[in-house]
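Note that chain A is present in both complexes that follow, paired respectively with chain B and with chain C.
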Partner chain A sequence: MTVHKLAAAAAALGLIAATTVAIAQKTSTEAIEEYREMLQDGNPADLYEMKGEELWKKARGPKNASLEKCDLGLGAGVTKGVFVQLPRYFADTNQVQDLESRLVTCMSTLQGIDPKEVINGQWGKGERANATALATWVAAQSKGMQFHLPQSQPQERIAYEMGKRAFFQSGGSHDFSCATCHGEEGKRIRLQDLPNLTKNPGDGIGFAAWPAYRVSNGQMWTMQHRLNDCYRQQRFPEPTYGSAITIALGVYMGVNAQGAKSAVPTIKR
Partner chain B sequence: MKKSTLFTAGLSTLAVAVLAGCAGNSSSNLPSNAELDAMALKMEQSSFHDKGIVKVKEALTLDDTLRACDAAAVAGHPLDPATAKKLEAENLKAIQWPTDGKYLGDWKSGEKIAQSGRGRTWNDKADAANGGNCYNCHQIDPKEISYGTIGPSLYHYGKLRGVTDPNSPQAQEVVKYTWGKIWNAKAYNACSNMPRAGYKGILTQKQVADIMALLLDPKSPVNQ
Partner chain C sequence: MGDPMRIRAQAKDGNVLVRILMSHEMESGQRKDASGKIVPAWWIQEVTAKLNDKQVFSCEWGPAVSKNPFLEFTVKGGKAGDKVSVSWKDSKGDTRTDEATVS
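Now for the complex of A and B:
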């Protein structure tokens, strides 16, 4: 079924490519709308969810253990509702962690998997790909739930302040910051709508939309991956996987999106 | 290398700082804004690593203009007019005017440069020609329907400003302003979102002249 839907989406992509110049704007807009509707029909993210669930329950790693005792914030083994409360502070690591960095902690402590395999790994490969599948499955357990990140711990409030500063930090050859593209309402790059991430951009938009399946490259992208590519386009150096700035930005966007309903996993262009 | 240690250091160093910081923001029990700023700087330095042609040190070293604009944005208010004026004057002084006196090149090349968003990411090569990224944010030639809206529409740019002959004395003010804006946008608006294409070495003098022609040449599709 998914293969069939993908083919339809690919055909729609071709349609857009064919309608660049010379054709009236209305026609192209309609074609794009049609393509977007088609995207809603079937989401290959299902496959990553299935892989993630399997990885969660399977005994793996040097310690030959599953992740079923992993505490993602609401107690050992709880997966429903955790995603809409992350990033949050964890006493055992004395850190604010997002879903992915917390999964890496559990893979390390419970299974004995070296965090470096994820942190220094490549997208779509090895343990980093496993972390992506796990994050997709865990996040999907909170579909339709509203974001309400905790801000009761001082570390969480500081992380918000750090995230705000990171959001407005310019740099690189082009002087871009996150705010250049995501600081105002109703803007777009080319035809791509840009959510305003300084406030709640709405249900299933912005922070409430990732992990997402990207049709254009056939990849499942987590928030870590999304931020990584934003920084690439910003002409910044590469943020280290799970680094403090990526988590602080998660807190900033997540707290700003308070009340927004998660649509994760979504499907994107 | 150091990536994994950075990861475990992560946001915990921030936690240590907060427990020590009693001087803080009285309202929320947080460290003072100055302390938070210093912590953010430290976090930024430790969160990135060099990749390809993009180096941490170079990319995160900010000039006075960016520092002032970022601080105002974090505080949630516009930059104070006096500082803005001073920074705009500094950026204006840094504009390099065409050494051959030629402000306008070829609009057809300009269109290609305006279309390209390439260059200067960690995937790009150092010697590759950079694009202008213009259509990412601006409407220009109306035939291109895939344009962004972060910047204003530039359709009829020269026509709307009454430029019928870019070489005429009457057109000089608009011509010079347009060159300056492309070369260093922050000379006219200190906290402009627009990259400083010439000043930061993104585009060459010739490329800027070609984009100038796209905007100002009466024969350019922009002015039809």
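Now for the complex of A and C:
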């Protein structure tokens, strides 16, 4: 072999080595994105959607009624587009309600199901699991639509201010607040990028990404579950299902996400 | 009987791409519950698929397959309008069969 050929071979080897390095240099974020994309095609959230649709149409509970007359904010029985306008004020309950708490109201008034079965229930069990499936299906009807939460009622504006305060209020044994992790750009926990929730974090991110299927534990999580676990991770007492603070935080995040497109139901690691 | 599967079947270039999402706990028998007791194993053991009553796919699974498993395979031949039927049988003897039309 001539010196020339040797040099060429060495150069080729060098090229291969360089390429290998380039592949290895794919950032962890990119690798996770790729993994999520592969999972997206068979997102088990679809199974919860199917279950939710069935629960919506089926006559159940002591009153043996379906939820098809449930008013989620845009009139009785309307499911398309409601998710991107929740939480909002409801005159009949005189409360600002999010999707899950409104579904609980409907389950109680239309079907006669005791709200305590959801509120005091366990994640993934009984009526609370049913509420999760219903929320997944209803939310999925607004896929690709932009968030525009109403702020015309004084109660809705109060909820926003309340949510803002709760978001920045630090406490617990670790002196954490929501803002500790979600108050600025470029933060992450291990490999998970954390969205900045004080503004619109982008389409399908943050508020626009839940309900989501969690691959790591095989559970479907609604925003209620997400918030509950955020508080648990901050070492705060876990908030009551559908309580005022969870809804206020929903209003704060939802209003901030104005214009973001909903990607729900999504899939998370 | 288990929860329904979600089956999608698409004809493309003379083949049929079948994508199946199954709803199953798929307990490995290795996990313990909150009180420290082992959660009994419970998983899908056999999966079979038919295209118009002709068996085109079969496999045996172990407990290492994930919860709510997703399965994808391509069948040679087949066209839009054909029927795809998928069945599974789990370690408790429970079975589930669902059908879809190739689009």
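Observations
We adopt the following convention: the second predicted complex is superposed on the first by the 235 of 269 C-alpha atoms of A that agree within 3 Å, B and C clash if a C-alpha of one lies under 4 Å from a C-alpha of the other, contacts with A are read in each partner's own complex, and residues count from 1 in each chain.
The definition used in the following text is that a contact is a pair of C-beta atoms (placed from the backbone, for glycine too) under 8 Å apart; a residue touches a chain by one contact, two chains touch by 3 or more.
Only a predicted model underlies this, so the values are computations on that prediction, with no experimental measurement involved.
Once the complexes are laid over each other on chain A, chain B and chain C both fit without any clash.
More residues of chain A are in touch with B than with the other of chain B and chain C.
By the touch criterion defined above, A:62 reaches neither chain B nor chain C. By the touch criterion defined above, A:162 lies against chain B but remains apart from chain C after alignment on the C-alpha atoms of chain A. When the shared chain is aligned, no partner comes close enough to touch A:75: not chain B, not chain C. When the two complexes are overlaid on their common chain A, residue A:218 makes contact with chain C while staying clear of chain B.
When the two structures are aligned on the shared chain, A:235 is found in touch with chain B, with no touch to chain C. When the two complexes are overlaid on their common chain A, residue A:50 makes contact with chain C while staying clear of chain B. In the superposed model, A:42 makes contact with chain C only, not with chain B.
Across the superposed structures, the minimum distance from chain B to chain C, using CA atoms, reads 11 Å. On chain A, the positions that touch chain B within their shared complex are 20-22, 25, 28, 89, 93-97, 101, 104, 115-116, 119-120, 154-155, 157-159, 161-162, 164-166, 168-177, 179-181, 183-184, 186-192, 194, 231-233, 235-248. Only residues 41-44, 46-47, 50-51, 218 of chain A touch chain C when the two sit together in their complex. Of all residues in chain B, those touching chain A in their complex are 3-4, 6-15, 17-19, 28-31, 36-37, 39-40, 43-44, 46-51, 54-56, 59-60, 62, 66, 69-70, 73-74, 120-123, 133, 135-137, 143-150, 186, 193, 195-196, 200-202. Interface residues of chain C, counted against chain A in their complex, comprise 3-4, 6, 19, 21, 23, 66-68, 70, 72.
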